[in-house]
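In what comes next, subunit A is part of two complexes: it sits with subunit B in the first one and with subunit C in the second one.
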Partner chain A sequence: MTFDELVIVTVNGISFGFLLFLVAVGLSLVFGVMGILNLAHGAFFMLGAYLAYEFGGAAALSLPLFILVMIGSGLVTAAIAAVLEAALFRRIYYREHLEILVFAFALIFVAEGAVRLQWGPNPLIMSYPEGFASSVSIFGAPVPEWSLLIIVAGLVILAGLAFLLFRTRIGYVIRAVAEDSHMAGALGLNVGLVFTGVFALGALLAAIGGSLVAPTLALTPQLGLLFLVQAFAVVVVGGLDSIPGSLVAAIILGLANSFLVFTFSGWAPYSFYLGLIVVLLLRPQGILGSRELTKQVG
Partner chain B sequence: MAVGTEAVTPTAKRRVRGLPLSLRQVATLAGVLILVGFLALVPTLNFTQDNVFFWNEILIFVLFASSLNLLIGYTGMVSFGHAAYYGAGVYAVGVMVSKWGQDMMLVGLLFGTAVGGLLALVVGALIVRAAGLAFAILTLAFGQLAFTFVYQRNYLGGENGLAGILRGTIGPLDLGPLNNYYYFTLVIVFIAMMGIWLVVNSPLGLAMKSIREDAGRTQFLGMRVRLYKLAVFTLAGTLAGLAGSLRAYHNLFATPEELGLIRSAEPIIMSIIGGMGTFFGPVLGAIGYMWLENWLQAYTSTWIMWIGILLVAVILVFPGGLLGGLSRLRQVLRSRRPRGGWRLPWQKLHSDSMD
Partner chain C sequence: MRRIPALVMLVVLVSAVLAACGGGQGGAPGGAGTDEPIRIGVLAPLTGAQSTLGQEEKRGADLAAKMLNEDGGVLGRPIELVYRDGQGSPAEAVQIVRDFANEDINFTLGYVSSAQCLAVTPVAEQLGVLVMSSYCQTTKVTGSEFTENFFRATTSAEMLTRAGAQAIVQEDGDIAEWSSISPDYEYGHITWTIFKNQMELLVDGFEVVGEVWPPFQAASFSDHITKLNNSLSGHDQAGIFSSLYSGDMINMLSQAAPIGLVEGHPFLMLGTDLDAIRPLGQAGNVPTAWISVAYYHEAFDNPVNTEFVKAFQAEYGVVPIGYNATAFMSVTAYAAAIEKAGSTEVQAVHDALEGLTWQTPLGETTIRAEDHQAMFESLAMFKIAPADNEQGFEVTDVITIPGQDVSSPPHPGEVGEFSQ
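Coming up: the complex of A and B.
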C-alpha cells in the first residue's frame, strides 16, 4: 500500500463512517428516548435518497441547489416520519421485542413497495453536483471530492446535533425524557411531542445521509435493507443509547471496511457482522453505552 | 392432550359423551383429518403441475415456520436468522448432489438435516448466553454472516447459486415425478409435525414454556436454562435443515436467497399471521401467507407492500394472529374478560424492563 493509497483509503473510510453515523444516530436517539430498536429506520434513508432524486433530477446541480434539495428531502421525510410515529409507532412501544421488530420489518416492506409504485423497480442514477465528480490533491494523493464533502457535512451536522442536545432547552427536554419519561411527564413536559420530535429528527438525519449517498450509487427499492444492517451494527457496537459511541463505532467500522476492501476484499462484507457478534458477546452494552440489551437470566 | 395444557384450560375437561376425548380434542382431530385429507388430494384435484409444485412449497414452509415457532413461540427466543439453518440444508444437498455426485436421496436428506442441526449447535453454543434483544440481534448477525458466506464463495456458485440437483429413488420409491415427491414431502412433514407435537406436549415443552414466561425463575427452580435453550435451538435448526433439504429436492436449485433476511422473516410473518406459540398457528399462517403472496403476485408488482400493510394491521389489531383472534372472540362471546384482563395502553408502562 503506497502513501497515496493510504490517504485515499483513510479519507474514504472516514467519509463512509460519517454516512453510517447519520443513519445510526437516528436509531440511537430513538432507542435512547423510546427504548425501541427501529428496524424501519433504513426506509427513511432510502426515502431521503429517492426524494433527492425526485427534487433534483438526474442532471448535475450546482452545490447550493443540491444542499437545498437535501434539506427539502430531509424535511419531507421528517414530516412523514412524524405522522408515522403519531399514528402507528406510538402504539407498539410497550409491546414485545418480537412484535416491534416485525412491525418495523413490515414497514420496510411497505416502503419498498411504495418506492416501487412511485419510482419503478429500475435503478435510478443521480449525478454529482457540478464540480464534485473529480478528485482534489491531499498530500499529493487524489482524493474524491465527494468523500471530503460528506465528511464536512457530517462534521457540520454533528456540531449542530451536539449544540441542539447539550446547549438548548429542546435538548434539555429530550435528555430529561430519555432519562425518565414518566417523571418527565409527571413534571408537565409533553412527552408525546418529544417522542414525535425525536423520531422525526432521526428520520431527517437518515434522509440527509440518503441524499448525500444518492450520487454515489444506483437507487433501488432494496436500498433500505442494504444500509440498515450496517447502521444497525454501528449502534450496537457503539452502545445503543450513546451518540458519541455511535460516532466512534461508525468511524471504526467505516475505516475497517475501507481498509479491508483494499487489502483483503473477500473479508470486507463480513466486517460489520463480525463486529456485531464480538461486541454483543464480550461487551453487550457496546463501546460507550451503559444500558445492557438483556437483563434476563439464562 | 398433555397434562400441562389440560391443567390450564378448564374447558378441556368437557368430554364428548361416549368418547375418552374432550370437545376440543375432537374438533382438533377433525380439523387435522380434513387438512391432511385435502393435502393428500391436491395432486388428484385436477390441479396443474404448477399447483402441485406450489403446494409442495407450502408443505415445506409449514415445517420451516413450525420449527421457528419452537424457538420464538414456545421458548421466547426471538431468532431473526433462522434461514441460515434452512439454507444450510439447501446448500448441503446442493453440494452433495451437484459437486460430489452423490445421488442417493436418503443420504442427501440426512446430510442436509445434520448440517442444519450442527450449524445450529455451534452457533447456539456461542449465543444462548444472550437473551432478549441481544439474542435476536446475534441471530440476525449470524444469519447475515451465513448469507454473505454463501454469496461470496465461488465454490457455492456465488450469487447464481447451485444448479443440477436431481431427485432420485429411495429404495423402491421413485421420487423423480413431482406428484410422487409431493406425497413423500407430505409424509415427511407430517411425521416431523407429529414429532413437534410430542415435544411441545412433553416435559421438555413445559420447560420451554416456563423459560418463555420467566427464564430467571426457571433457573431458580434448578433447571439448566442455557442447556434447554441450546437443545431447543439445535432442534429447531435440525428441523429447519430438514425443511431446507426438502426444498433443495423440490426446487432443484440452491440460491443465496434461501439464506436471506427475507427468508428469515417469512416464517416469523407466517407464525404471527397464524398465531405465534400455538401448534397450528404456523401451519395455518404458512398456508395463508403463501396463498396470499401467490394471489397478490398475480395482480400487482407491489405485492410486498400489501403484505407489509396486512402485517402492520395484524400486529396492531390482532396481536395473537388468526388463532389468537379466534380464542379472544370465543372469550368475548362467553362475555369473559380476555386472559390478562382489559389492559389500558399505559398500564404496562411501569413494568417495562428497559430502564
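Coming up: the complex of A and C.
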C-alpha cells in the first residue's frame, strides 16, 4: 500500500464510519432508553433520503439550501416517527425481543411498500451540492469533498448530541429515564413523552444520514435494508446502550472495511460480521457498553 | 388480553405488506374448452432489490399479451399472464415453478438471476414445465448445465460481452490496456472472462492493468474506486469494463464522479440500461460510454419494432428499453410456437420452439434446436455522453453488430470456449 492509498483509505474509512454512526446512533439511543432493538430504524434512514429528494430535487443545490433540505427531511421524518411511537411502538416495549424484532422487521416492509407507492420502484439520485462535486488533494491523494463534508457533519452532530445529553435539562431527563424509567416516572417525569422524543430524535439522525447519502447512493425502496446489517453490527460492537461506543465501533469497522479492500479484498465484505463475531465471543456487552441484549429494561 | 390488539395489528400489517407486494393471483385451472385462456406463468422480481427490472419486464410482457389478444389471441384463445413475485432467491423460484405446475401452468417465462435459472431447470424438466428466460445471462444453461425444457429468448452473457467488445474496438480503435470494475459473483466474473478472451482475438498486445471486485449491492464503492483509479495511473488510454448494473452502476458512477475515475478513458458498460442512466443524467453524472444491452429502440428498422415502440409509447408514455423488449419477445415466442404446433400440448410446444423462427423487435430471430438459445440477426450497441439538455445526456451513436459474430456454435453439455 502506497502513502497515497493510506491517506485516501483512511479518509474513506472514517467518512464511511461517520455515516454509519449517524445511522447507528439512533438505534443505540432507543436501546439505551427504551431497551428495544428497533430494526425499523432503517426505514427512517430511507425516508430521510427520499424526503431530501422530494424537497431538493435532482439538480444541484447550494450548500445552505441542501442543509435546509436536510433539516426539513429530518424534521418531517421525526414527526412521522413520533406518531409511530405513540401509536404502535409504545405497545410493544415490554414484549420479548423476538416479537419486537419481527414487528420492526414487518414495518420495514410496510415502509418499502409505502415508498414504492409514493416514489415508484425506479432508482433516484440527488446531485452533489454546488462546489462539492469534485475532489481535493490531500498529500497528493484525491479525496472527494463530499467524504470530508460527511466527516464534518458527523462531528457537528456528535457535538450537538453531547451538548443535548450532558448540558441541558432535556438531557438530564433522558438520562434519568434511561437509568430507571420506573423511578423517573414515580418522580413525576413524563416518561411517555421522553420515549416519544428519543424515538423521534433517533429518526431525525437517521434521516440526516439518509439525506447525506442521497447524492452517492441510488434511492430505491430497499435502501432501508442496505445499511441495516452494518448499523446493527456497529451498535453491537460498540455496546448497545453506548453512544461513544457506536462512534468508536463505526470508525473501527469503517476503517477495517476500507483497509481490507486494499489488503485481503476477499475478506472485506465480511468485515462487519467478523467484528460482530469477535465482540460477541470476547466482550458480549460491546466495546463500551454495559448491557447485553438478553437483559431488558422495564 | 393486552397482547391481542398488538398481535392483530401485526397480522394486519403483515397481510397489508403481502397484499401490497405480492404478485397477481392465479386464475382457476384452465379447462380444455377452446376459448379458455392460454395461461403463461411469469416469474419476475416485482418487489425487492431488482424490482425496477421486474416492473419493466412486466410492462413488456403485458403489452405483448394485450397486442396478441387484440389481434384475436393465439389459436383463437386469449393469452393470460399469471404473475408470481420471485425476488431472486433460487429456492423461491423452484417453489414458484412447482406452484405453476400444480396450477396446470406449463409455460413460464421471466427468471432474472442466473442462479434462479440454474436452480429451476432440472425441476422444470421433472415437472414437465417449459422455462423461457427473458433475462438471465449465464452461458451454463445453454452449455454445461443444459436441460431439455430450458429456452432463452434473449441474449446470453457471451453475446452481450462479445458484441460490446467488438463495438468499442470498431468505433474507438485498438485499445490494448483494459481494467474492470465488476460485481463479485458469477455474472461479473464470467463476463470479464469472456471480454478478455474476445479482446485477445481482437487486439494485439491486449493487457489487463487492473481489476476490482466490489460485492453485489455494496453500500460504498469508494475503496474499490480508489484502487482502480490507482491502477489506472500511468495508463491514461486504458479502457474500463464494467458489468455492474442498475443501482450498483448508479452508485459506483455517483461515487466515482468526484475523482473523475472514468473521465478520458474508453468505457464499456455491460447490461446497464437507460433505467440507470436516466437518474444519473438528472444528477449530472453521466459518463461518456458504450452500452451493450442488445436493444435500442431506434436501432432496428423492422415492422415489429415500429409497432412495438409505438404501442409501448401509447401505453406507458416512454420509449421501451431492453428489459421491456426481452419480456415482449418471450411472450411472442410462446405465441408463435403454439401457433406453429397448433396445440397447447407441452411436448408439441417444446418441439415447435426448437428451431422456431419468429419476428421480434430485434428482427428475425431463431431459437437454435441444439441448445435452445435465441439467435439474432444483429444486436444494438449505443454510446451515451453528458449533454447540456433536460435529460443530462444524449445518445451520440447507435450501431449494430451482426449476431453471427458474437456467438459460438452450440455446445450443450459443455463449457463454451469463450467462458473458460
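Here is the rule we go by: the second predicted complex is superposed on the first by the 294 of 298 C-alpha atoms of A that agree within 3 Å, B and C clash if a C-alpha of one lies under 4 Å from a C-alpha of the other, contacts with A are read in each partner's own complex, and residues count from 1 in each chain.
In this section, a contact is a pair of C-beta atoms (placed from the backbone, for glycine too) under 8 Å apart; a residue touches a chain by one contact, two chains touch by 3 or more.
Fair warning: this is a prediction, and the values are worked out from it, not measured in the lab.
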{"item": "Fit-or-clash call for subunit B and subunit C when the two complexes are aligned on subunit A", "value": "clash"}
{"item": "Partner chain in contact with A:H97 - subunit B first, subunit C second, else both or neither", "value": "first"}
{"item": "Partner chain(s) touched by A:S258 [first = subunit B, second = subunit C, both, neither]", "value": "second"}
{"item": "Partner chain(s) touched by A:L37 [first = subunit B, second = subunit C, both, neither]", "value": "first"}
{"item": "Which superposed partner A:E54 touches (first subunit B, second subunit C, both, neither)", "value": "neither"}
{"item": "Partner chain(s) touched by A:F16 [first = subunit B, second = subunit C, both, neither]", "value": "second"}
{"item": "Which superposed partner A:L281 touches (first subunit B, second subunit C, both, neither)", "value": "first"}
{"item": "Subunit B versus subunit C as contact partner of A:A218, first or second or both or neither", "value": "second"}
{"item": "Touched partner set for A:Y273, first subunit B, second subunit C, both or neither", "value": "first"}
{"item": "Superposition clash, subunit C against subunit B - the stretch among 44-52, 62-70, 98-106 or 332-340 that is involved", "value": "98-106"}
{"item": "Contacts on subunit A seen with subunit B and repeated with subunit C across the two complexes", "value": "88, 91-92, 95, 102-103, 106-107, 109-110, 112-113, 116-117, 121, 269"}
{"item": "Subunit B residues touching subunit A - in the complex, by the definition given at the top", "value": "72, 78, 80, 126-138, 140-142, 144-145, 148-149, 151-152, 211, 215-216, 218-219, 225-226, 229, 261, 265, 268-269, 272, 276, 301-309, 311-312, 315-316, 319, 345, 348-350, 352-355"}
{"item": "Footprint of subunit C on subunit A - complex, ascending", "value": "2, 4-5, 8-9, 12-13, 15-16, 58-60, 88, 91-92, 95, 102-103, 106-107, 109-110, 112-113, 116-117, 121-128, 133-135, 142, 144-147, 215-218, 220-222, 226-227, 230, 257-258, 261-262, 265, 268-269"}
{"item": "Residue ranges of subunit A touching subunit B (in the complex, touch as defined)", "value": "35, 37, 88, 91-92, 94-95, 97-99, 101-103, 105-114, 116-117, 121, 180, 182, 225, 229, 232-233, 236, 266, 269-270, 273-274, 276-277, 280-281, 284, 291-298"}
{"item": "Subunit A-facing residues of subunit C, complex", "value": "5-6, 9-10, 13-14, 16-17, 20-21, 47-49, 51-52, 55, 184, 212-213, 215, 217-220, 222-224, 226-227, 229-230, 246-247, 250-251, 254-255, 257-260, 275-276, 278-280, 282-285"}
